[in-house]
Structures are given as C-alpha cells and as structure tokens.
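Let me begin by presenting the structure, written as structure tokens, before commenting on it.
Here the chain labels run A, B and C in written order, and each chain numbers its own residues starting at 1.
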C-alpha cells in the first residue's frame, strides 16, 4: 500500500461517513423489524408462605386435552441439574411408554431461565425451584397442568397439594424437598461443627482455608451469610443488611478462599475438601461416591434441629414451547408414583415429599446411614424454616451484583 | 634421546588436552547438545505422560480414576449402565462429535481454499481488509466469537440457525475458516502467478487453469488443512458448549467438562480415549495419503507443513 | 499474442468471484455477530425477566451498561480490576514460561535432531491433536489429593505429602495454562527456526563465533519474527480462557476475564456486562494484531 493510499483524504472521509450514516440506520431498521422487544411489563407478583398466590392461566399455552397417550417413539426433553434424575428410572419410563428421554443439564437456574426465555431452546419439562415461578408465569413460558393426568398427586404430603407458591398447583408439581446445611468429614475436620454456637462461623475460620466449599448459587450461598450474621430475612432488600452481607461474603473469600461449586456430592467423598455448605440430598448422595476404602461413617451433616435453616423444594413444570406435553404429563405422574419416587430417591439422594416415605424412618429403611440422620427432611421444617423466595427485580439485581463482585475477586 | 624427548612432548600434549577437555568440549561448536536433548525429552514426557495415564485408567477395573484396580474393558463395553457402549448419553456425544467434524470439514475446506486463492491473487483494499478480518478470526479468543454467536442465535430467532447442530456448524466454520485459508495461502506464496497465466496463455479457460494447474499443486496444503480442521473441530469446546441446544448436541468435550466437574467414572476416560483414537486415525491416514501425494515434492519439512506449520 | 491480454485479464477477474463466498461468510458470521454484541452492550434490560434486549439502531444506543463496567474496573467499587490484572499476570507468566520451554525444544527439533526430526516432531504435535479437555481431565486426575502427583511425591508412603493442588492456587492454574498452550507455541517456533539456513550458522561458527555468540547474533535475531508470532498465537487465545481455572481451581480467587464473561453471559441483568468485556478483550486483541500486520507488511510477505 502506498503512503498516499493509506492517508485518508478529507473528501473520502466525508464520503465514507455519509455512506456509513445512511447504511447503518437502514441495516438497523431491517434488523429491528425482526428483532425482539421487551418480554414483559408491569409488576412482578411475589408469592410467599404468608401470601399465597393463584396464578392466572396462560394466554398462549392451553391446557392439553384429557385422555391422550404419549406418541410412541417421540422424544421427551428434560432440563435439569446434572445427576438429579436416576438413569434407571428414565430407562424404565422409556421402556414402559416407548418414549425417548433426552436430559439436558444446566449449572444454575439463572442460566436455565435465560436460555428458556430466549426461545432458542425447547424442552418439555424444567426442574426449577419456586423462586422463578412468577417470572415464568409472567413471561408466559409455562403450560398449565391438566390434573386428569396426575392422580398421583394424592401420594404427596398434604401441604404440597395446594402450595402457597402455586395455589391449586396449576403449573407445578413438587419434585424434591431439601434443607441447606453444612456437611463435613470427621477425618478432615477435627471438631464437631454442630457443637459450635454458630456453626456457620466455620466458613470464616482460617484453619479451614482451602479446605472448604460453598454452593455456586447466589441466593443459597448468600442466605447462609445472612443467617450467620443474624439476618433472618434471607430475601432482604434492606440496604444496611445488604452492606453487611457484602462485607461478610468478601471477608469469607479473603479468610478461607472457598471453592464455589455444586459438586460437593462428589468432591467431599473423594476428599477434595473436608467442609462444605451442602444440600441435604447431596450429603446423602455423597455416600455413593465414597472411594472403596473410605467408610460412610465419617460423613456428617448439620441442620438446625429447630428447623430454623434453609428449607426449600424443587418443582417439575411443563414448558409452553415443549413439543411433547402429553408425555410430559405422563412423566410427571410417573415420578409421583411411590415405587418410582423411592427408586429415584435411592439414586439422587434427594427426598421426595411422598407420604409413603417416612422421614423418621429413613435410617431404618436404609435410605440414609445413621450418621446422616440429620439429613432427613421433616414436614415440620416447613413451618419454621426460611425460604429462598423470588425477589423483585431491583433487589434481585442488588444481590446479584454482590455475588458477581465475590465471584470476580475472591 | 631424541625419541624420549618426542615421547615426553607427546605425553605433555595429551595431559594438556585432557585438562582442557571439559571446557573445550563445552565450547566446541560440534558438541552434541545434551542439555537441549534432555529438555526436549523431558518436555515430551511431561506433555504426553498425563494423557497416557488417563488412557490407562480408562481400562481400570474399579471406578477410581486415581487408584489402579486391575485391567478391564468394562468402561468401554462391560458395564451395562455406564459404559460408553451402553450409556446413551456417552455414545450420543461421540456420534455428535464425529458428525460435527465431518460436516464442518466438508464445508470449511473448499470455502477456505477459494478464499485463499482470492485473497492471494486479488489485490486491493477490500481483499486486504478481508485478509485482516480473516487473521483476526484466527487469533481472537474463541470465547469472544462464541459469546457473539450465542447472542446472535438467541436474539435473531428468525435466522435459520438454532442452538444445536446448525448453530454449532456455522459457528465452527467461521472459527475454522482461517486454517485452510492461511495454510493454502502460505503455499500459494511459493507458487507464484506464472503457472495459471501460462496455462491461460496456452488456451485454458480461467476456471480450467485453476482446476488443472493450481489445484493439483495445492493438494498437499488442502490435505493438511482437511486433517487439521477435522481434528480441531473434534476437539473444540468453547464454541460448541455455548451453542449446544440440548443433551443430543453436546459433544465429547462438553461431556468431559460437565462430568469432570461433577462425578466422573473411567467411562469418561474411555470416551476421551476413543476420540483420541479417532483423531490419530484421521491424522495417520491423512499423513500417509499426504506423503503419497507429496512424493515428487521434496519440501523442507513434510511433517512440518502437515502439522499446520503456518 | 492478440488474445493473450483479454484472457489474462479474465483470469484476474475471476479472483474476486472466487474470494466472494469466503468474504461474504466472514461478513455475515464474523462481523454481524459482533454487531449483535454491540446491540446488546448498548441495549436495554427487560424489566422483569432482566434479560438483555438488544437495540439495533445506533441512534437509540445507551451507554449505561458499558459505563457500569468501566466504572467498576477501578475506583472504590472497582471489583473487576483485580480479575483483569490477574488475567494479565497469568497470561504474561504463562506465555513467557511457554516460550522458555518451547524455544529450546523447537530449536533442538529443528536444528539438532538429525534423522530423529520426523519422530520428534510427531511427538511434539501429538498434544496438539489431543483435546484440551482430555489433557485437563488428565491433570485433574493426577492432582487429586490421592492422585498420582501426591503419591509420587510421597515416594510410596515415605513422606506424608498432602498438597491440595486443586484448592484454588494461582500456580496450579498457570501450570495448567502452560501445559495447555505450549503446543501452540512450539509449532510456529519450530517453523521459524527450521527456516534458518544451516549455512548461515555454519558461517558464523567458521568465523569464530562461539555457540552462545552464534545464538545471540544470528539465531535469535532471525527467529524473532517467529517468536512474536508464536507469542501472539498463545497469548490471545489465553485471554479468553475460563475453563482451565474452572477445572483446576474453581475458586473466585483465580477468576480471569474469561470467567467474568462466562459468569455473566447467562445471568439475568448482566448479559450486557459480558458484552462489554467481549468488546474490551476484542480491542485488546486487535491492537497487537494491527501492529503485527503492519510490521510484517513492511518486511517481506506476511506470514503468520
């Protein structure tokens, strides 16, 4: 290229600017004609145990007709966490109904909701917690359930037959119940965490630096920070509470450098670390991931005996854009069958709220080893426990920002 | 007397030489480069041993990936639930990976070869700008392109590409296009224009000149890029992960990533070993074919060009 | 001779046609996605779902999200800053280490290996073909608490070695980066060193230059171009890496800019920030590319 050729003359610059000025809006208009607009408007209604909500029915996605059977050879697409469904149960279902099941996994429900809302993916069943149900309904992403297909709802604890987060269970069926507590190994942690005045303090104890992990979910992890700081409202929007939360979270990062992950059920048994914030189901599941020479008796789990800890449940919902809603209904009913639920529980470690599974008899029935009796989820926990509720957009943004700061920095 | 003197002198010289031998040896330009040789050997061991160990553990009889519990092929075939053969999700991943490799290679290589021809022979502002964009697509972090593509596919839902196979194919072609282009171009630089112009002179049509004269000369480079693109697509992770739609469009690398962070069994090692085997098969076949094609052409380093020496 | 000119002109006319599909492809699938990134960066956020809503017309662009990112890099709440600095340090340390390993190896293979050259090269290329994930998986296995590294270090139980390699150490991550990217460094270096004519080096030695002098005065200057190329080819892809630290550490204390992007892309309300980081890293990658292309144009033909 010659030196003169490289220099932009004034005239050619003007000509180019003009061309660009004309071209860009035209292109932009063309794109805008087909692009997306805002998905939603208005207020987000937040359900809570004190304020039960009955959601309006979907405009776009009608309830399916009763009495149909799944198309033979069709595919049922599930969207779930990894290792959160028993492969054996899926195979049984495939055989019984001649339906192929494909399971796609997500790392956290934020990611899942973003993908679902974009419309770029279509799954039949999604396994969220109730902290997304308002968003899912407001954005009209769910298909209301036809109860005719789901008689097995009667097998569930009565409180789940008309839950506060979805009165009349129009959109959702509970999948599992779980508490969030602390798991540890007695060979890597010498003290009994449950004997501490405030067991959560362990996560700020320098002696465990590099030897612990917290759950990679902004709300779950930060709610623990709140509980440690004595903030009982784990959905707080209060500015000074949030400031405390932030300070303590950063302080934890600096003093103990925790891993942030959701794979405790594997990492704890193989000794990647000795102490972890854990879901009750994961500590039960961890037993199956122990190496041969490691006895299950060294696992421990703490959850406040008065039930004043984090208690939640996950759901199964049918997505509006799914292509196989009939099979989805049949599958949901299948999962609520006592024998199936027990088999699934045996694999994933997360307890279904089935009447047939007695929480007080989990040890006797062989679901849980005696040293993990604390991981049983009792119905009364749901009276005193704290829930991770959906948050209004502003608060949601503030919590996320703190979490982002923590994740960027450590 | 004179003989003893001569002997003494010779002895002296030998002693001198031996005392100097070490420093002399060190500074001799003909010295064997032992240090470099050992660094190279160490490097090769360091780079390959972990992978060999990972392959070895795919034959472990137990589920541990750190403690050897005897030889078995259960993770390939034996285990009725979790072996590569029996776990649907694992062989779906394998099949999907190979499908991506073939489809992307078949489209990318011709596109790249044509682009290389055009960019090399056509002079002007547009081609040099396009050349820069092409080089940029070669070096920018893959994550950037992947995120940009994810945005495009999820926002412009009227596009024919979706998350899944179609999105992955288009994304990978874009990312891989620069490989054949650069390899073929570096070959074109050594060929010069005289050939096709001579052919045209002799009455060939332009297309005929490209097809009959230029393409045969470029064949080694085209071959090299085919193998390179295939192996690279099979290994790709960042793009295919962002653009995967559901479980059926998650290739092996994504499967490894997802499972390595959760609860892997040696079946994962088995899966990775199979992909490794595929890559090496493709390369060996490619290499042999390449040597055959390239017999007449005693280039400086056949392996080098083949390896994507760019 | 009369028909020579038109025919040659015709063969010249064909090049734009031949180049067109590729150029169109790049414009459509490389430039256009980058425009979508801009539309999201300067776009809106849905009030309830807090998903990114792109704004296509530049006239309506708003800079709130970009400003948010920029103001959070330095200053009182500059929490992105440390991750950016960390990325720069990791990439610098890792790529210099790569060079320190790759140069002698490439030099030996290119210049001294003799008849072993083919075999050595094949071995050097091997990791290039083995999937990055597979190689990381191999290290994750080796570095477990009961993994072979600790077992080897304890010499069969002689010592009690318990290094938590995977507990969020910068050194493990940098090691992983070096291991992962060294092959990309070796190949271009080898190509460059292999191109130096042996006769030049012979001449230097015959003129009495020592080994070291030969290297300093001849080999190094002649390979500088290859060094720059290979550094570029290693550093730039490393800038977007998030999976290495994810697999080998998983702790926020080793987050890189790739993690900032990966964490925020699908997080409600933060997608625009991911777009901002994409643009920042893109600019950081374009600048050395421009310098490089210009520099090599002034030399002979451009070779990457």
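Quick note on the criterion: contacts are C-beta pairs under 8 Å (C-beta built on N, C-alpha and C of every residue); 3 or more make two chains touch, one makes a residue touch a chain.
Keep in mind that this is a model prediction, so the values were computed, not measured.
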item	value
Pairwise touch network: line, ring, star, complete, or other	complete
Innermost chain, where centres are averages of C-alpha coordinates	C
By number of C-beta contact pairs, the top two chains	B-C
Rounded Å distance, subunit B centre to subunit C centre (Cα mean)	15
Separation of mean Cα positions, subunit B and subunit A [Å, integer]	39
Geometric centre distance via CA averages, subunit C-subunit A, whole Å	34
Sequence positions of subunit A contacting 2 or more other chains	1, 31, 35-36, 115, 118, 261, 291
Numbers and ranges of subunit C residues touching at least 2 other chains	39, 54, 144, 146, 250
Multi-partner residues of subunit B (each touching 2 or more other chains)	67, 155-156, 261
Subunit A - residues contacting subunit C, complex	1, 24-25, 27-29, 31-32, 35-42, 44, 110-111, 113-115, 117-118, 135, 138-139, 210-211, 253, 257-261, 270-273, 291, 393, 396-397, 400, 404-410
Contacting residues of subunit B [partner subunit C, same complex]	27, 29, 31, 33, 35-37, 39-40, 43-44, 46-48, 50-51, 53-54, 57, 65-67, 111-112, 114-115, 117-119, 121-122, 126-127, 130, 132-145, 147-152, 155-156, 170-171, 173-174, 177, 181-182, 186, 189, 196-197, 200-201, 206-207, 209-210, 231, 234-235, 237-238, 242, 252-253, 256-257, 260-261, 264, 268-269, 272, 275-276, 279-280, 283, 300-301, 303-304, 307-310
List of subunit B residues in touch with subunit A within their complex	62, 64, 67, 81, 87, 89, 128, 153-158, 162-163, 245-248, 250, 258-259, 261-263
Residues of subunit A defined as touching subunit B within the complex	1, 31, 34-36, 77, 79, 82-83, 87-88, 102-105, 115, 118-121, 123, 261, 263, 265-266, 289, 291-292
Sites on subunit C touched by subunit B in the complex	4, 7-8, 10-23, 25-27, 29-34, 36-37, 39-40, 52, 54, 101, 104-105, 107-109, 112-113, 117-118, 120-142, 144, 146-148, 179, 182-183, 187-188, 190-191, 194-195, 205, 210-211, 214, 232-233, 236-243, 246-247, 250, 258, 261-262, 265, 274-275, 278, 281-282, 285-286, 289, 293, 301, 303-304
